[in-house]
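I have placed the structure first, in the form of structure tokens, so that the comments after it can refer back to it.
Letters A, B and C mark the chains as written, and numbering starts fresh at 1 in each.
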Amino acid sequence: MAPTPRRAARRRLQLPLLCLLLQGATAILFAVFVRYNHETDAALWHGGNHSNADNEFYFRYPSFQDVHTMVFVGFGFLMAFLQRYGFSSIGFTFLLAAFALQWSTLVQGFLHSFHGSHIHVGVESMINADFCAGAVLISFGAVLGKTGPAQLLLMALLEVALFGINEFVLLTLLGVKDAGGSMTIHTFGAYFGLVLSRVLYRPQLEKSKHRQGSVYHSDLFAMIGTIFLWIFWPSFNSAPTTLGDGQHRTALNTYYSLTASTLSTFALSALVGKDGRLDMVHIQNAALAGGVVVGTASEMMLTPFGALAAGFLAGTVSTLGYKFFTPVLESKFKVQDTCGVHNLHGMPGVLGALLGVLVAGLATHDAYGDGLQSVFPLMAEGRRSATAQAMYQLFGLFVTLTVASVGGSVGGCLLKLPFLDAPPDSQCYEDQIYWEVPGEHEDEAQGPLRAEELDTQA
Amino acid sequence: MAPTPRRAARRRLQLPLLCLLLQGATAILFAVFVRYNHETDAALWHGGNHSNADNEFYFRYPSFQDVHTMVFVGFGFLMAFLQRYGFSSIGFTFLLAAFALQWSTLVQGFLHSFHGSHIHVGVESMINADFCAGAVLISFGAVLGKTGPAQLLLMALLEVALFGINEFVLLTLLGVKDAGGSMTIHTFGAYFGLVLSRVLYRPQLEKSKHRQGSVYHSDLFAMIGTIFLWIFWPSFNSAPTTLGDGQHRTALNTYYSLTASTLSTFALSALVGKDGRLDMVHIQNAALAGGVVVGTASEMMLTPFGALAAGFLAGTVSTLGYKFFTPVLESKFKVQDTCGVHNLHGMPGVLGALLGVLVAGLATHDAYGDGLQSVFPLMAEGRRSATAQAMYQLFGLFVTLTVASVGGSVGGCLLKLPFLDAPPDSQCYEDQIYWEVPGEHEDEAQGPLRAEELDTQA
Amino acid sequence: MAPTPRRAARRRLQLPLLCLLLQGATAILFAVFVRYNHETDAALWHGGNHSNADNEFYFRYPSFQDVHTMVFVGFGFLMAFLQRYGFSSIGFTFLLAAFALQWSTLVQGFLHSFHGSHIHVGVESMINADFCAGAVLISFGAVLGKTGPAQLLLMALLEVALFGINEFVLLTLLGVKDAGGSMTIHTFGAYFGLVLSRVLYRPQLEKSKHRQGSVYHSDLFAMIGTIFLWIFWPSFNSAPTTLGDGQHRTALNTYYSLTASTLSTFALSALVGKDGRLDMVHIQNAALAGGVVVGTASEMMLTPFGALAAGFLAGTVSTLGYKFFTPVLESKFKVQDTCGVHNLHGMPGVLGALLGVLVAGLATHDAYGDGLQSVFPLMAEGRRSATAQAMYQLFGLFVTLTVASVGGSVGGCLLKLPFLDAPPDSQCYEDQIYWEVPGEHEDEAQGPLRAEELDTQA
């Protein structure tokens, strides 16, 4: 049975119209509000008394590029592990992140850098927009394969706004520290996506079961994503920290934490695997948990040993989560979490927030010296004790979980709007609904569904 | 029928001899002319009164590495979309670019940094050589699959020389601004390649039609190229600009422009696609047009909105070009443009040049302040009005189109020299002519042509 | 026949226990000994009178990230050329390197930066640890496919220790210069691995012959590794050199050398190939020899021409080695060198050491000016003549070859311990022993060995 004419017309128009509408709206808002800041504006920069070497560009742009690589290459390829969903994983990552960068520049700009009725942009706004895109892609991981691009754009529209608000509450109102985003990015993105996935629960999803796994080559593509995320995570956590020792220490802590999560992931994966074999899903994902878990604390005086211990714990929890908790999440809680974001971002994010509580609570003037001003300015100014800062950190986690859960519920209802073109249960994890997939050459009959077949099943 | 002995001998010797000859010639020229500049020479650098932190290396090397990634990873994998031509796409990119870097160091050195009978080299010459290699690879995209490596090396030999001359005329003689190379790189590379492809027109090319498309995996490999080009394009356009606000603003504008071309590409691709499906060719290519279109203007006070608008336009034009103009280009104009470089580099390059005309024409002392000296030095010194600068920019486009077209014609005639080993019409887009392709393992009978088959067809 | 219960239990426990043991040990050593240095410690940095811009982070971190990419992406994917060993190539690279980073931080720390009973860490220790991981991965290349992960971890345990000692003898005791590690990394890693592979010689290895080659796609994955190694090699050699002209010149020399080794590799590969066809093995590997060969000399006043000549020679020797020497190495010397590390790291490493002897011997006060202090401090202080320095360089090569050979022998005996789970001769180059390999979807019957088949053969 061919798609009904109405459905075909909807499919043809929904994504284009939404893209054009969103692009038109952000363009107008850019025209009205967005201006170069004093480091990117020719007149303002040259009007100041600067050396070119002082331009923030030289301190943050290399880190920005690493973050940018993580968002587009890392997340995109990591999600390409599905055998027939590589075009969508990489392509929709591309689309969602491109939109999120624009929209987040506006949202974050209104909240963080709105001066004299204008948003001022430069390399810091680029980094922050990429961070927000990262959160959107984490949520994408939870619903991967079960949503269409128009649905995903609407999800991003909502999530970016809530991300900005949550981040504003934590960083500005509560004075919480969270440079690498254990809370604002990982916890937020994961629980937003998980709750949303709960609302979109599909009891008949086993109809697409045969496409839900990987094949040999798709696992290698996914490793491209894993490795680029792993190597650049030190830049991710350090990109927005204070200059000098701050960036340096953050990168170093993250580097150690990741080595430990890799070792614990290999250990646990073999231990719980069939016949002691390693599972690619664990290696691709849980090995990265060391980056997530120090997102809050890597900026602090965590110590190299602390980084190793945190990473080790995160890799362990994450691997065990993939093995034992993901099945329960679906069967008991009706949350279908395609990429296991609960294991990679959810639990390690919460652990990271708690680690931040602990390390903040242990902070002393002795340990930080004059550097206390950079890491905990409110403590340095005597306006907060270490214990108070720790309590604020904990409250920040609570706020994040609340905003993410409420937001995910609202998002799920939004995405269920009947006119949105979601894939049928039997067509999940399948590129051919949204992409012209090349015919394999003659002798390779085992290619993806042929077009007729697809239409019949739809 | 096996290849004739003469043909086999020619094949064996042609590429090696040409490589050795070219390498020998550039080595001799390096020995005679190329010297370290004052930032790379131990005695000169330490003779000056510098802080090590002032060394240009720290301001440009991270951007250089991004450009280097684009040239070798970006272009190489982007062209690996063909099902049986991955070795050649990536391998010949590697060969051509490696030669172009050496040869361009000499050509650009003679024209730009020849002092006291020596060429002086450092990170800026590395960036400029990579830019020139980029132009050669754009042209390679137009003739991909239809030329042998010896032909391609000769093409590079000619194109690098003409690239250097064109660039010298524009930047030095005409005082045209073109940091990211909308004209000097994209327009030049595209029209050089297109005219060359016209001269090499093959009326019987449909004999290789079955190899001209992609397969599922080759499209994923191509996306590696696309994404690395996309993420690093801000570094490409900003690598050679003035330090400080110049680099910073250029990167920012390019970043915005690319997000908009991505959104318009997705919108248009679905709009014109069969059943509203997205086409990987568009996503792989047209989404990048936002980087091309701001190659000239991103250094200027384009404004963030201007960047979005330009990127949106470029993605639209490029996608429509792939859909509607590429077929006409072959049927009416007899230009067989394998990668659609006309859509990605040609039209967006020309648009980018025109955008540069516009933005230069609108430049005011107010908008640039003391920064005018960096962007438009001739205007700052009162030697040119904004309108005059705009006219020079337009004239630069005209010069580029002329040099590229004449050069492409000459190049095409050169590559038709009968002793050069071009693939037969039935063997285009096929690695096995130039590479030992591994036998697939037994059960995978559908692998590339087996050797006997190939010889029979040749 | 299913694996015996004892063997299955051993397999299940060996890797996890070793991982946990090693991680536990390094964590304890970290807790006791490793501390932030004055650039990563909040109190120490802010106690000093620094500008944040002076922090070493800004001078070395971008290069570090390039090196990090080479180690994890470059080596990992380069070794993924085998048709059924991609998971292991990339996965074990990941595991080995992660462990080596921790362990090497300790070993190098004790030898190089042990002050006041503590090891002090920062970006330089990160770079040095990555360098050591690179040497381990070179050795891994020699035994690829013939060793299990527990064996490899033990190899790394030994090799990292010996690497640190050899490096300490050369750089600190002998005053040898070797920034990019022609000796300490490439020669050491290659001969350690080759001797170890000799000890592990398997006369029955042809039982796995059918898995020893590549398939079309695996060669493309390997090219990801090649190209990332190639583009970032200038950062590798320059990462640890003196700031300013030192880093700048080293990067420039390496860049030229690599272009020349690429041209000579293409020339020689076609010249010696069947029917003049290029061989992917050469392109993937020998083209990189230009980076190895200037590992010692690129920091010196090698001249751009010298870099080209060295690279050309290295590419030639390496390609001829793959064609003519690798078969002899197995048949005559009983060394089974899976990746041909003798051709890429061994011979070019030795050549690089000799080039260092030559260029050091030719050093004059005139050529280096006041920069002599940075490159050859002992010569600048009048404590050594150029000839003496050259002799020390030569002696450093001798020491390296000795330590590597003795170490490789010891390592080989260690890895032969009977309780270590090595793959049987018929199961080499096969992921399924150590990994849960996804079942290909139904129509793709040609996937890797099915589990029953594997058990029967084991």
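General observations
Heads up, the rule we're going with is that contacts are C-beta pairs under 8 Å (C-beta built on N, C-alpha and C of every residue); 3 or more make two chains touch, one makes a residue touch a chain.
Going by UniProt, the chains are A, B, C = Ammonium transporter Rh type B.
Quantities reported herein were computed from a predicted structural model and do not represent experimental measurements.
Rotation relating subunit A to subunit B, from a C-alpha superposition: 120°, rounded in steps of 5. Two copies of one chain, subunit A and subunit C, form a contact in which under half of the residue numbers belong to both partners.
Distance between chain centres (mean CA atoms), subunit A to subunit C: 33 Å. In subunit B, 53, 58, 62, 217, 224 are the positions where the chain touches two or more neighbouring chains simultaneously. Residue ranges of subunit C in contact with subunit B, taken from their complex: 53-54, 58-59, 62, 66, 83, 210, 213-217, 219-220, 223-224, 227-228, 230-232, 234-235, 242-249, 251-252, 255-256, 258-260, 262-264, 266-268, 270-271, 273-280, 283, 287, 301, 303-305, 308-309, 312, 366-375, 445-446. Contact residues on subunit C toward subunit A in their complex (touch as defined above): 3, 8, 11-17, 19-20, 22-23, 26-27, 30-31, 34-36, 39-47, 50, 52-53, 55-58, 61-62, 65, 68-69, 72-73, 76-77, 80, 86-87, 90-91, 94-95, 98-99, 101-102, 121-123, 126, 149, 217, 221, 224, 432-444, 447-448.
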